[in-house]
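Look at the two complexes coming up: subunit A is in both, with subunit B in one and subunit C in the other.
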Partner chain A sequence: MAADGAAEVFRRRGHAVVVGASLAGLRAAETLREEGFTGTLTMIGDEPRDPYDRPPLSKQVLLGRVPADGTELPRRRALDARWRLGVAAAGLDLAGRRVRLADGEEVAFDRLLIATGARARPWFRESEAALDGVFVLRTADDAARLTRRLAAGPRRVLVVGAGFTGSEIASACRERGLEVTVAERGPAPLVGALGGVVGAVAARLQRDHGVDLRCGVTVTALEGDLAGRLRRAHLSDGAALDVDVAVIGLGAIRNTEWLTGSGLAAGPRGVACDAGCRAFDVHGIVTDDVFVAGDVARSPHPLFGYQFLSLEHWGNAVAQAEVAAHNMISSGLDRRPHLWLPAFWSAQFGVNVKSVGVPPLGDELVVTQGALAENRFVAAYGFQGRFIAAVAFDQGRWLDFYRGLIESAAPFPPAFTNLDRRTDGTRPVPADFPDPSLPTHGPTVTLSGYSPSERRLRFTPAPA
Partner chain B sequence: MRLVVDLNRCQGYAQCAFLAPDVFTMHGEEALIYTPRAGEAQREQVARAVAACPVQAVTVDWADVPVAAEEAGGHGR
Partner chain C sequence: MTQATLLQQILDYANRADPYPLYAELRRTPVTRQEGGVYAVSTYWEITGLLHDPRISSDARNRAPQAGAGPLPVVPQEETDLPPSFIGLDPPEHDRLRRLAMRPFGPPHTPRRVHDMRAELTRTVSGLIDAFQGRSEVDIVDDFAYPFPVTVICRLLGVPREDEARFHIWAEAVVAALDPDPVEGAPDRARAARRARSELGLYLAGLAEERRRAPGDDLLSAMTSGHGPEERLSPVEVVTTAVLLLIAGHETTVNLIANGVLTLLRHPEELKRLRDEPGLAVPLVEELLRYEPPVQLLPQRTAVADIDIAGTTIPRGAPIWLVVASGSRDPRRFADPDRFLPERPDNQHLGFGGGVHYCFGAPLARLEAQIALTELARRLGEPRLVEDPPPYRRNPVLRGPRHLRVAFDTLAR
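Right after this comes the complex of A and B.
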């Protein structure tokens, strides 16, 4: 009863502080107001601009169709918030319920939402990362710099890492008519997120569009001239490439350093929270007043064996923010679990890629519609006899159907025969994910923690 | 105005691209590309596109007021 009273008092006149003023932070703030929060709302964000959308940065913006500062997110309602933009949160005093800002100010809160997301993993050697011509892509400023350089017509662009962002960058470069080399440590692009079977399709797409794709290699050094401009890249197979632009697409690092020593279970993999978005402390005990949402969160998903999922997906940030905000102003049975079925999209080389479920959990795959060779198909992923994910290339309209199968743990391989399965056979093949103990540049889902159904992945080299 | 399309939800049927071609275009067979910030001149087009989207994937903020101005009390909705 006391707890119910506390939530009600908080809803009427509490102080909610949101750290990280981007997609998750903004959607959470809107939800707080929408659901009747009438207290004080403070938004703290280190980027000195309105919350903006990131997916267009590697697509419309790089193509030059939309300016880098033109992706501000629409607000779904007036927020009546205090904004502290351009200043980072530098520390958290859990017991005293205060956020310390980089400028020394302290902001007291009754309830806190952590939505500090992730940042681009920089090139590992600092002196090389500082060369003129070496870029990452995470923020609007990154996109502005890179777009300007691409527009100036470099002779060759090197993309380091063929995850989603790297692949989209390569696609934009080709569309601009630029020569581009992609260097990927794994056997194919997107292999960490989608596996080797679908990765092989992504590889063919890249090559058909004129990308110089090199798999199974790493970039060992970036070399500059006397003026500090990037000139050459060296690869692990001994090759040297003359390049004047290199874009580092080696995945993201969660922004949790400001929580070091706070007593929260925060680390490089994110901030652990329960399915209700409440943060865990270092003892593994759930906190009452600190919530987490978006790319920085790591939370157990009941549909996937309660494994902790870290999802770097737009849709997850929105859905988790809404649940976190709801739970901030609710108590007991009114609280909701974040049961969102993971989903994301990507657009590259003219193909619309969509995914539902968690492909990296799958051990087998069957093409249920279309054909891999046509770059137009649905691939269904199974794990221990049940549907776990589906990936579509230019067949996005079907994914709702598969969503239902995943949510109901339908048997895999599918029994249905009404779908057209022309060329790729009806028998499942290994989905062909790389050995999970080998780090890749970054799948968009990482799995960790307790799994009741022990995870077994078969490592099969990509077919020649 | 500012807009965003939930591309998980979008089915790529292109109604928006047909009704507001200055703001929404198809890229390849089913990928949608759009301009997140459109001008007043596009207002009517965009309103029609938003209404026609069969899955209500488009969110629009007609005001396009920066947060700094909102804080000063200028949020016009």
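Right after this comes the complex of A and C.
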């Protein structure tokens, strides 16, 4: 009862502080207000601009169709918040419930939401990273700089790393008619996210679009001229490439340094929290007044053996922010679990890629619709005899069906017939992930319900 | 009362003016087996589930031979002299044809086509309303809604203006057969429709050939020239696709406009708001598509596998009806579903279907209805219904008024 009272008092006149004023932070703040939070609200963000959207940065912005400062996030409602933009949070005093800002100000809170996301992993050698012509892509400023350079018509662009961001950058460069080399350590683009079978399709797409794709190599050094301009890149196979632009697409690092020593379970992989978005402290005990959402969060997902998932997905940031905000002003049984099924999209080389579930958990794959050779297909991933993920190339309209199969732990490979099943869709093949890290045989958990308030779990313990 | 008689009641012409209470009863059981082995699906989530389910076919050839069409006297969508168009095909054929037809019509290749038609649409609408001059009563269906989409499709396809009159006559004969009216000499009409359809096909084939030699900036030209031999529609495919665009975009648009005028006259406060803030037309048309959808149900689906859904198993080969008009009024999805709320938030109605067959012409249909309703609201002074409810067409699938008589005092410029 005491806890109930606390949530109610907080809802009416508490002080909520949100650190990280981007997608997750904004959506959480809006949800707080939407669900009746009438206390004071402070938004702290180190970027000096209003919250904006990142997915277009590697797509429409690089193509010059949308200006880099033109992706501001649409507002769902007025916030009535105090904004502290352009100043970073530098520390957290958990016991005293204060956030310390880089300019020395201290902001007290009753409840805190951590939504500091991630930043681009920089090139590992600082002197080389500082060369004129070496870029990363995470922020609107990054996108503005890179777009300006691409528009100037460099002779060759090197993309380091063929994950989603790297592949999208390569695609935009080709669309601009620029020469591109992509260097990828793995055997194919997207291999970590989608496996070798689908990665091979991505590789063919890149080459068909004129990308000089080099797999199984790493970039060992970036070389500049006397004026500090990038001139050449050296690869692990001994090759040297004349390039004047290099974009580093080596993934992201969670922004958790400001929480060092705070007593929260925060590290390079994110801030650990429970399915209700409450942060864990270093002892693994859940806190009551600190919540986490978005790219910076790491939370257990019941559908995937209660493994902690860190996701860099737009949809996850929104869904988790909404649950976190709801739980900040609710108590006990009114709190909701974040049961979002991972999903993301990408657009590259004229193809819309969509994914649901967690493909890297898959051990086998069946092309259930279309054909890999046509670049139009749905690939279903199975793990220990059940559906765990599905990836579509230009066939995204079917994915809701597969979402249902994943949520209900439907048996894999599928026994049913369906439209557009080809001969290579009759037998599963290894999904071919480079380094499988599979959870152990666990209980079966299925999801039901359509709206957030209806979502329920069914838990079936594993047979002994 | 059994479910079977419930469906019969829905199809019964006597209930055409207000089928919604019957849908509410139907929704008590989301999926029910009806007479003739038809499975009727009436709830929002079950319908969207099946629209995205690759175990459901739109190709009538997948129906079990013994399965009938159910209690609906369906008029064959396609005549035997033409192969099915993509609305009646499954992937991959469907996807190929739709992709090629989309190239000159919408994003990503032609994102501005519909937008660029705005001026033309406004001109057409203005012309039709100008013709009301000197009258104090019009039939919104015959005098306005009917001619409008045909003119639009002619412009889109690139039919020369001097041929437009002939095109209107064929179009009318073809779509008239979609409304099965047992009273008025149906066999004659079916014969006339068949004749009109072959004449229309021949005409379009000839026009397409002309356009292949001397292309213009129209859909027929683009569809005939194509992009390389792999990515091109055959001459027959060009004709079936053009006929599909005409048929799919005709009665539907007529109904949307007529249902829209009817609904606005029943909600005078919304009509007044539309007059004062034309921007309201955008969400208002969405709400119309939810509240009075021109397409009430999709009767063309077939299961290609046994499907377990909502406690029932739909057997392979069984015909499925997706009652989208019922799904769009499902209280588990829409709060206050029986109220017309033009600014309803999160209005993901089923008016345009869903999944891979989601309405191809949706952006055009939206714009047509927005312009038509805004202009009618603006120009008709003191409009009122002469009869309510109006007489309906017999067709329970493409449901809408046969006539909609509206009296008015003044006509603004």
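Keep in mind that, in the parts below, the second predicted complex is superposed on the first by the 433 of 464 C-alpha atoms of A that agree within 3 Å, B and C clash if a C-alpha of one lies under 4 Å from a C-alpha of the other, contacts with A are read in each partner's own complex, and residues count from 1 in each chain.
Throughout what follows, a contact is a pair of C-beta atoms (placed from the backbone, for glycine too) under 8 Å apart; a residue touches a chain by one contact, two chains touch by 3 or more.
Not measured: the values here are computed from a predicted model.
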Contacts for A:Gly210 in the overlay, against subunit B (first) and subunit C (second): which applies, first, second, both or neither?
neither
Touching partner for A:Gln60 - first (subunit B), second (subunit C), both, neither
first
Please indicate which partner A:Pro122 is in contact with in the superposed arrangement: first for subunit B, second for subunit C, both, or neither.
neither
Is A:Thr368 contacted by the first partner subunit B, the second partner subunit C, both or neither?
second
One more residue to check, A:Arg397. First (subunit B), second (subunit C), both or neither?
both
Quick one: subunit B or subunit C, who's touching more of subunit A?
B
Which of subunit B and subunit C A:Leu85 touches, first, second, both or neither
first
Where does A:Ala343 make contact in the superposed view: on subunit B (first), on subunit C (second), on both, or on neither?
first
Looking at subunit A, which of its residues have contacts with both subunit B and subunit C?
350, 376, 397
Residue positions on subunit A within touch of subunit B in the complex are 43, 50-51, 53, 55-56, 59-60, 63, 65-66, 70-79, 81-83, 85, 314-315, 318, 343-345, 347, 350-352, 354, 376, 394, 396-397
Touching subunit A in the complex: which residues of subunit B?
1-4, 6-8, 10-12, 27-31, 33-37, 59-61, 63-64, 66-68, 70-71, 75, 77
Note: in the complex, subunit A contacts subunit C through residues 350, 368-370, 374, 376, 378, 395, 397-401, 404, 416-420, 450
State the interface residues of subunit C toward subunit A in the complex, per the touch definition above.
45, 48-49, 52-57, 90-92, 95, 108, 304-306, 316, 332-333, 355-356, 358
